[in-house]
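I have placed the structure first, in the form of structure tokens, so that the comments after it can refer back to it.
Every chain is named by a letter (A, B, C and D) in the order it is written, and numbering of its residues begins at 1.
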């Protein structure tokens, strides 16, 4: 009952040089306040949409810069700051805490929000300036409001240090993103997607809440509200069974939000229908906030110490990774594809976390911190390249008004800069050096390979298999993004109508450029990054990677020891560049000419763009191979008098999510069945109702 | 003295309004009376806050932290409902759904109903409590059938019979309670006063009291709308005029639950066991699950929210049954926020059905575009009632669920099932109504803003910040109910 | 009059009340129901007076008088007038056939006896054994409401249920405090008034008082 | 004095070897094949002549080709050569070997493939797309199998750095390891697939519909084609060298073993000798397989590669279970 109505500001003074600089936590709070104020003020500019967009998103960009710097400092210093706000329940005010872990997530979130906010300025102008007809002119007020609330919610989740504030922020994030998903509300598909999203998010939230219930009940008891603070949970020792209960409740709760298979079904529905800047944020950072929850609960609050928990996380991660990328390969909707790919990447992150838990449970802190660092690295990377890819997809949609890849093609000629940025995204997500995706995957493989034999035979079987599946996932994702880039940007335009497709505006290109640059920088300078996040593994698993990682200077990444493994992205990059330059110059010497000619048509002279390989045909071999995992229905129906010489062929392909039909539809059907049964209880006859009341009375009298 | 004024205003108001009838200023007078009630209830609350629990009227009235907040809530919601009904009922009158007599009757009975509820809350006498509850039923029965449509008459008849029978059981329970108390306290009015009964609860005969509790449970449980005694509730809510649905859902259920909880405290004191709590938990759980599934099948907008009320009363009942400081705190808060939210929802639902001249949800569409206040009001109301933060309902459900996880972990899956199904059902039904383009059958309407906005803002505030006085009352009430 | 004798009289009256309760279950004709109901009220009134006399509690006389006025004269008369004016069918239809109803009724009586037996042990009042009868009357009233289809018969069932409650109040506890008694009486009066209005409303809306018409509001398809 | 330049010299020699010897290996394989089939050969040096001729030819670009198409040959060539600088072909003392371990090596090949596949799609023909699709299918199965098989070796050697793996394997006591046997079998299968040899692909086919790799580079001509072809030859050379390094490392210079113990330049001649010997044998093995097997139907390839994947995983499992 200590903090009745008064704020206690116990901020650690930041090392300011002379001038008073707000501490990181204060800065992040300031940024949250800016977001909230922007959200509140946005409706005032309702009638002036253009200035609304400029002001609201500039404010978001500024706020995110503040948050990013603060988060960066918090991670770099590794200091822990706390704050208590005088709101909430009187005995349970809002506790805020910024440590290295939350600082890291603040930074990742804020950086991507910064990019996306800049992008949004250009992107949303398309909504208001657009001639009615294609997308229709529409007000973006609600989008601006909920965008700011959404970001504020994410930052608050990361800052929260008690169960109540955490849940409020968590659901604020969910609710705001729900409204963003349903932004195009006249679209039935959008409503359906938003509904599924909100429902699964809410189920997840309740599971998390129950997990907090377990932890709070066992740490502080329910004689008062003190048990709800994270510090109480952190300090308490929870007995085995309850610990497992709390862990699994929270894990599945967060997994629902992170889009882990089989709780992923909302994700490929919600991402495509949301405005693209929102999908970029949802995919890029919202899923990471869910991962943050897992990290916070399992490493920090529960001190997970049973390898089986890590094993479950690992296996779920593997399943998500493989299923996610397989489904991604089958998609023709660009944003849906990216959404499935997010499922895959979350899977990889979970694999890292699962490994970290397993290592930690066997007290192998060095390896645990290596896997954790791999996971955190991948979180950052995925935020950057998935944000970039979504922004690129948005740019493409913005110009072509198409989501279906089967009607795109050859955009590299019309949108050259976007194509370059998108290519960088594709290279990064395909884990190709020297871009960032490769570094995290490399670290993960190191963690897998350096794993010594565990005392449990089961783990010894799972670990190699896991490595194999991660390798498969990486290869498939390269394939997937060859398809995306090839079909969308290369080849010739497949569209029905010949639209004038132009390069997008400066803001959008700028944002994509920033993100692409971030991808490259993260890929080239991993040592700095690992040094920066050094405090997190120390805080969570009690080990560190940075010392060995930077043993040979910034150029060489040696996570464990030089003789175990080393990787130098700058040298690889420079080497390839040098060879390319040399080859380019040397091959010029013979001075051979260049001329253009029609493509080789094999003697068939009526080649049309529709004969190009498209997304569906590109994915066909894999549909054959992995078809048993998916639910594929493929029919070819010839029409015409003679079946041997059909006039036209109708090809129909339907790929459905097995999990949706196997797990979700039965539940929905069962609910309606039960509802019908319950409905039958209510006959409408008053005698029956009286009988119920009579029977209840008798029953109670008999048993009570 | 405040209490007498508080109750007197309503009685006089009822008389004046019966006299005024359908005159021009009748709605304003109605608002005025309710506002006066509210102001005096605030005075009463301040008094209680400063001086602690008080007895008044020669021990006839008793105000403590448990009932004072409910009294203020009742007065407050009745005031906002009166404000809402000004525009709403005028619209109904203009469109010929009710006549002159109907208006006269509506206003008079509204005040009488508020009087009955305040009396039930403030009285110290178990018998008078019963009388007030019965009066509350009787005053609203004919309001439910105000439109005189066949379904309205049917709904009112069911309401009358089922609640009449239910409340009769409660009277039997009261008799049994008196029977037990008389032997300890002595004959006369004293044996029916809470204050006396609480003091001697430990000495009351346990067998009699557990028998009495069964009758209280069935009796007041019917009025709370607990499954399977709930069958009157959806009918009455959907067929009556919206202001009446709002106060039935927002206030009457609370008052009935209040009566039940008061009885439970006595029974717990006498038996020394947690049996009453278990009974309430079972009733609560069943009342969470069954209506949650029923929500899936609703077609009528007001019926939908009536079922949601049952569900929420189930949650509160469950929490009271669970006991323990956090759960009880949560239950008290839940009664407060549910009543604010649900009445706001009924306000918007009423306007929505006026805009489309139907209560059939499949014909209601495009509310946000058609009328942002109604649309967003309904949307946020549903979010709040479905338990999304940062609204107050979440706060209470948060406390209740976490406490349940500790004390009754094996019941939480059922709880969870109900809450999730209800959530899904509500959004499934509401999303097509609020979103989308404006349909052709929609008529423009000037909604009554203030009540909706005020309620939603309060619920929002309660989700983020619980005022000190309120939490102190809750803590005191929790101590009282332990 | 000594207590023993009063107790005997109360016992006899209790038996008569139980009998009338059964008679209400059995009776097919609507006027017959009214008569039986009036008789039940009369027994109730007498028993209140007897208890009042033997214990010297004055307010029981008031209760007794109220019962006499309301339940023996006013309510049967109002109902009679309504039935007459609304031209209600004279035969009563029941949902369950009468022998079955009787059997259930007897089971209920045994159940009530069983339930109240621990209470009876406790009681020192002379009327202690009547609590079982009161409870049985309440339950039989409820049973009657469940088994009848007509609005009027349901109301009679309801009123007989109230009689049982009143009997419990007077016999088990020597009457509730006066405020409560008066309040209850007032409520019953208002209720009677309301069901009067209802009969007219139902009649004008549905052209009959058969509550079969009123089964439209339901959840079943 | 000059000792500090040794590494640079070794690196230079190695890169030059990869560049220059790769066509020779291809020529050797082709010649062997002809001999085995009783045909007359074009000589061991025909690949050099091909490449040189292509360099001097004009380029015919597809109308629709973008810069991706034109950049791809250079990137492919660069990535492959970079790989050549990393694999210890003749010596483990090459300084660039530390820039990338075996995982990064696989990724370097992946870059080359990524760009080839993109280039295949750039022209906008059905063949190019088909080639890319098939190539990526093969790769997406081969790449994980490849990783698994090298992982087995790295589990044995407790390192992913190739030089370290070579050092451990060749200096340690000779132990018969079932895991390495599995890994080698798997590696062999994958190498066939990755380098586009029969039974997965036929490098000398002229029927578009059966092509995989060739279909992708169908539109290339002139120096672009030369670079692509050269990179392909280097790839064969490098996979052979990698197999040698991982499974038969004896004789590679610079690790102080009994064969080529000298650390400096002195060890190189012996290393060259051993390399030539082993590559010649590898060529014989390739020809044996290619003449003995027919090209598979495209949808049999997954089964073939699946076998490799299973073998590699078995190798890993057997490491944990048996060793």
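Here is the rule we go by: contacts are C-beta pairs under 8 Å (C-beta built on N, C-alpha and C of every residue); 3 or more make two chains touch, one makes a residue touch a chain.
Owing to the predicted nature of the structure, the values given are computational and were not obtained by experimental measurement.
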{"item": "Which of A-C and A-B has more C-beta contact pairs", "value": "A-B"}
{"item": "From chain A, the most remote chain by mean C-alpha position", "value": "C"}
{"item": "Chain closest to the middle, measuring from C-alpha centroids that were averaged per chain", "value": "A"}
{"item": "Distance from the mean Cα position of chain B to that of chain A, given in whole angstrom", "value": "43"}
{"item": "Whole-Å gap separating chain A and chain C, where each centre is the average of the chain's CA atoms", "value": "69"}
{"item": "Centre-of-Cα separation between chain D and chain C, whole angstrom", "value": "100"}
{"item": "Rounded Å distance, chain B centre to chain C centre (Cα mean)", "value": "30"}
{"item": "Where chain B touches two or more other chains, by residue", "value": "157-158, 161, 165, 169, 211, 294, 297"}
{"item": "Set of chain A residues in contact with two or more other chains", "value": "676, 678-679, 681-682, 686, 690, 693, 697, 701"}
{"item": "Touching pairs among all chains present in the structure", "value": "A-B, A-C, A-D, B-C"}
{"item": "Chain A to chain C touching residues, read off their complex", "value": "676, 678-687, 690-691, 693-694, 697-698, 701"}
{"item": "Interfacial residue positions of chain D with respect to chain A in the complex", "value": "55-68, 74-75, 77-79, 81-82, 85, 96, 98-101, 103-104, 107-108, 110-111, 113-114, 117-118, 120-130, 132-134, 136-137, 139-144, 147-148, 151, 154-155, 158-161, 164, 208, 218-219, 222-223, 226-227, 298-299, 302, 309, 312-313, 316-317, 320-321"}
{"item": "Parts of chain C lying in touch with chain B, wherever the complex brings them together", "value": "115, 118-119, 122-123, 135, 138, 142, 145, 151, 154, 158, 161-162, 165, 168-169, 172-174, 176-180, 183-184, 186-187, 190-191, 194-195, 197-198, 201-202, 205-206, 211, 213-217, 219"}
{"item": "Interface residues, chain B side, partner chain A - complex", "value": "157-158, 161-162, 165-166, 169, 210-211, 213-215, 217-218, 222, 228-229, 231-232, 275, 279, 290, 293-294, 296-297, 324-327, 368, 383, 386-390, 394-395, 398, 401-407, 409, 412, 416, 419-421, 423-424, 427-428, 431-432, 435-437, 463-468, 471-472"}
{"item": "For the chain B and chain C complex, residues of the former touching the latter", "value": "125, 127-128, 130-131, 134-135, 138, 141-142, 145, 148-151, 153-158, 160-161, 164-165, 168-169, 171-172, 174-176, 178-179, 182-183, 187-189, 191-192, 205, 207-208, 211, 234-235, 238-239, 294, 297"}
